[in-house]
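What follows is a single structure, written as structure tokens, with notes after it.
Order of writing sets the chain letters: A, B and C. Residues in each chain are counted from 1.
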Amino acid sequence: MRARRLGTGMWSALAVVIALAWAFPVYWMLVSSLLPNVRLQSTTPTFFPTGGSVDNYREVITDSGFGRALSISLAVTLLAVAAAIAFAFLGALAVSRFRFRGRLSFVLALLLIQMLPAEGLFIAQYKMMSSVGQLNSVIGLSVLYAAAVIPFTIWMLRGFVAGVPIELEEAAMVDGLSRTQAFLRITFPLLAPGLVAAAVYAFLQAWNEFTVALVVMTEEQSRTLPLWLRGFVQASATRETDWGQVMAASALVAVPVIIFFMIVQGRMSSGLVGGAVKG
Amino acid sequence: MTVSTAAGSKPVPAAAARHETPRRPSGNSGDVAESRRRSPRVPLLLLVPSVVILLAALGYPVAWQLVTSFRKFGLRQQFGQPPEWVGLENYKNLLTDPSLWAVVVRSVVFCVVVAFLTVAVGGLLALLMQRVTRAARIILQVSLLLAWAMPVVAAMTVWIWIVDWRRGLLNWVLVHLGFEAAEGHNWLAQPLSFFVVAGVIVVWMSVPFVALSVYAGLTQVSDEVLEAAQLDGASWWQRLRYVILPLIAPVISIVLLLQLIWDLRVFTQIKMLQDAGGVANETNLLGTFIYQLGTGKGDFGMSSAVSVVMLGLTVALSWHYVRSLMKEEAS
Amino acid sequence: MKKLTGLVAASAVAALALTACSNGSASSAASSNSPADNSKKTITLWLAGGDTPDELRTYLKDTFKAKTGATLAIEEQSWGDLLTKLTTSLPDAENTPDVVELGNTQAPTFTNVGAFSDVSDMYEELGGSKLLPSFVEAGSVDGKRFALPYYFGSRYMFVRKDIWSSAGVATPKTLDEFNAAVSTIATKNPRSIKNFSGFFIGGQDWRNGISWIFANGGDLAKKQDGQWVSTLSDPNSLKGLAQLQAIYKTASKAPADAKDQSPWLYINDSDAITDDKGAVTGKTSLAAATIMAPGWAHWSIGDLKTVDGKATRVWNPKTFGTLVLPGNDGKPAPVFAGGSNIGISATSKNQDLSRELLRIIFSADYQKKLGGAGLGPANSDYVSSLGTDEFAAALVASASNSKLTPAAPGWAAVESAQLMEEFFGKIRDAADLSALATEYDAKITPLLNQK
């Protein structure tokens, strides 16, 4: 018993060391965001931001449409995630609970879609969105994002759904519940962690996406956060890039994701469990 | 979590539970199975929303890309000139271009090495997470999440600072540790060193997803089976190899496949490193190659052809898994 | 009923009259469409990056509204992604920006594919031969003008006067003297700094390096029998490349893969505090006596001070100086000009209003404002509005002889394939420059003429 605890202590120490090392770039980003640009150009690295300030943050937030970009990103991402989860869930049900012709082809198609390089599609995507008047549209972009994550989500969710045996529902129905009731009361709660896991993944994909947003959101006021952030990186051909501001802006972009993560972190682990092992 | 408790105290092997379901004769389960069989429309209805959205968002672009790969389509065509149908000429030019093969080889090697490394490191971290106190585990998980959530632009900027030849943290640390030769060392100048840096960065960014997924898979491995093996005299390594690994094989193969797919396409990290140093044409991977052809040169016919080739390449790389997946589905 | 018919008739006549009036005035180039017609219209101007200051943008919007009655919307696009956005948006008549700013090196690409409207008829009115010739050339095809200059920048040398004088080197008056001077400084290394450069120029920094090609009468490419040909291996180009090679070998300790990012880092002093005697203790970030950079770099050069609670670099005229790269012929050496062009999208539905905007942009008022903001005005008549400080003087002098990259339709492809970076990176260690240049000519020429 004693040896065991010592072992655990040692491993725990190692885990903490690894954690600190792994998060170092994040720390560096935060430190840099608190320093003025000139300090960042020194040959001597600054480990502790003594004499730093939140000037960069102030300038970044008040300056250039941060609030607007934040609301656009939130709207697009949440819409995309909601649609993706809803549709993919139904799709996962279909694929794992039923047998029908074309099921195999559909699953294969899902896999192939995920393997498509998306880089070359932006020209056609622009033409398409323009022809239906969906440029600079939150709904339009959400549709594109939802479609981008649905294949992976169906794939992930079908494992979870398959992992909940049909016997449970059937047992409930024998007890007198209708099909729908059985589903909602028994199966669905067991799937919740899986849905949460899929939602987190979809959130991250949509939140950080850049190329499609670049061509589809052409107006300054419909920019998503990644586009807004990009504006800091090469802000001017006649001024130096202010890296302190870039870091502050990046930290701001990362914050909502981290909040989202923290909230669902516990659920996520168990969620990934269920689906993963079965899938 | 789910199956273990619901189906009784004994852990039900995943495969068995799944395979049982479709084979049940309709008589035993009464209404439920019968109704399922009587209405084949139900699954199709469930699929409709997904199919509609996928077709709407991807149908035209994918078709366009496929068709364009058979045409001469440059900037002029984008601005109105009718594109010329050239059949397989783009593919021919592409496949006979020596620089493409260099890029393909580099991409495949990079992708395979990085993917396997990511899964190995992620797996090890997952194992570590099992052995530590709850506090340490949460700390590790949070730090991994922070790394995963960091915007790529910021992450790349920090990493480029770290390896900067003049002001970089890496050289500073090495010099302070006594390696005077590291002063002013340019980590991006030589392709091999460039790719080692790129590899480290991509692994750093990808491990969180793998570690968390594998950890989730590990928590499903029941303690009873492990204890039984331990009682039988199995060492840690034997337990890992013969008990744990087979049980989490599905997780591992999924994440490995995903890493292979994603690492083959890697673009932003390579592009930003190229802007910081090194010789671009010696360090191009498929992602930056497509970008150079497409946005850079305006030769969209060619870049479409490369995309199609890349799809083929991805399928080839993952053929083994795809086949086993299809077999599993069909049974 | 009668009244109504009369009313209708009257309005019809009025409408016809108004149309006749506005048609007439459009051709007279004096007044524009009547404000009443245009009050519902909006045109969009895309500006690249944050270079045009806010007050100039406001001026444009206000003046445009006053003059035409229509609204001007300004969208700022990020430099890095401008190419992508122009590629998707310009051909789309429903959503195209009406007037667009783009980099002068990007202008030939889009001009050659017909992205812009022909403004040859307005050329004289907007400034004619007073507009920067090299920029006009970049935006022209077969003598027709499509994209005109918006503003110019230039590049010159920033020097550490203190180092130059410690090394006992006088200000060079010719290019040859400059080449010798920087070599001498590197060898003398007055402060015994490790890896000290007399002139820091990155191996892949072709935008600065091509000055040596230009200064010796060479060029990157020329048009021969209607086809563009890469001329890196021409005798004059080779002369310049040889001088550059000497600089790479003796005067510059920059890595072979360094590009032209943040050169001021090398001539600023470290922000570590010096001891009370003012002697530099420990390592310093000073690594070069000379750098070459676009004019705006002066904002980032100087002593580190705290001004209004913020740490900034303050120019110190005792330590730092500017130097316009001299040529061997008494004129400034031709340098690569920075700057933008501006054009009207060919698919825009608001051609007339867009032309009005151009008139405002090329008006004396606006040109002077550009100069006041530190952006070189396209019309040489107003160059004096840049001011009289040493930076303005250096900008004007170095820009007077500046050159652009070849106005070949495929030049953008050459740049995106990073061939220039690759070529220049190999110069230092090349045993046979002529062979290397010929090799790259062969790679570049096919790309120059758009297929």
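As a working rule, a contact is a pair of C-beta atoms (placed from the backbone, for glycine too) under 8 Å apart; a residue touches a chain by one contact, two chains touch by 3 or more.
Predicted, not measured: the structure shown is a model, and the values here were computed from it.
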Exercise. Going by the average position of its CA atoms, which chain sits the greatest distance from subunit A?
Worked result: C
Exercise. A-B versus A-C: which has more C-beta pairs touching?
Worked result: A-B
Seminar exercise, completed: Rounded to the nearest Å, the gap between Cα centres of subunit A and subunit C is 39
Exercise. If you average the CA atoms of subunit A and of subunit B, how many Å lie between those two points?
Worked result: 15
Problem set entry | In subunit A, residues with contacts to at least two other chains | 41-44, 123, 127, 230, 233
Exercise. So which bits of subunit C are touching at least two other chains?
Worked result: 84, 87, 265, 285
Problem set entry | For subunit B, residues contacting two or more additional chains | 78, 166-167
Exercise. Which of the residues in subunit A end up touching subunit C in this complex?
Worked result: 36, 38-39, 41-44, 55, 122-123, 126-127, 130, 133, 135, 214-215, 218-220, 227, 230-231, 233-240
Problem set entry | Residues of subunit B defined as touching subunit C within the complex | 72, 74-76, 78-80, 165-167, 183-184, 186, 188-189, 274-281, 292, 295-299
For this session: Going by the contact rule at the top, pick out the subunit A residues touching subunit B in the complex.
Result: 7-9, 11-16, 18-20, 22-23, 25-26, 28-29, 32, 41-45, 83, 86-88, 90-91, 93-95, 97-101, 103-104, 106-108, 111-121, 123-125, 127-128, 143-144, 146-148, 150-151, 154, 159, 162-170, 173-174, 179, 190, 193, 204, 208, 226, 229-230, 233, 243, 246-247, 250-251, 253-254, 257-258, 261-262, 265, 268-274, 276-279
Seminar exercise, completed: Within the complex, subunit A is touched by subunit B residues 1-3, 6-7, 14, 17-18, 20-22, 29-32, 35-36, 40, 42-44, 46-47, 49-50, 53-54, 56-58, 60-62, 64-65, 68, 78, 125, 128-129, 131-133, 135-137, 139-155, 157-159, 161-162, 166-167, 169, 172, 204, 207, 212-213, 215-217, 219-220, 247-248, 250-251, 254, 261, 265, 267, 286-287, 290-291, 294, 300, 303-304, 306-307, 310-311, 314-315, 318, 322, 325-326, 329-330
Exercise. Where on subunit C is subunit B touching in the complex?
Worked result: 83-84, 87, 90-91, 109-110, 113-115, 194-195, 204, 255-259, 261, 265, 285, 287, 346, 412-413, 415-419, 421-422, 425, 447, 450-451
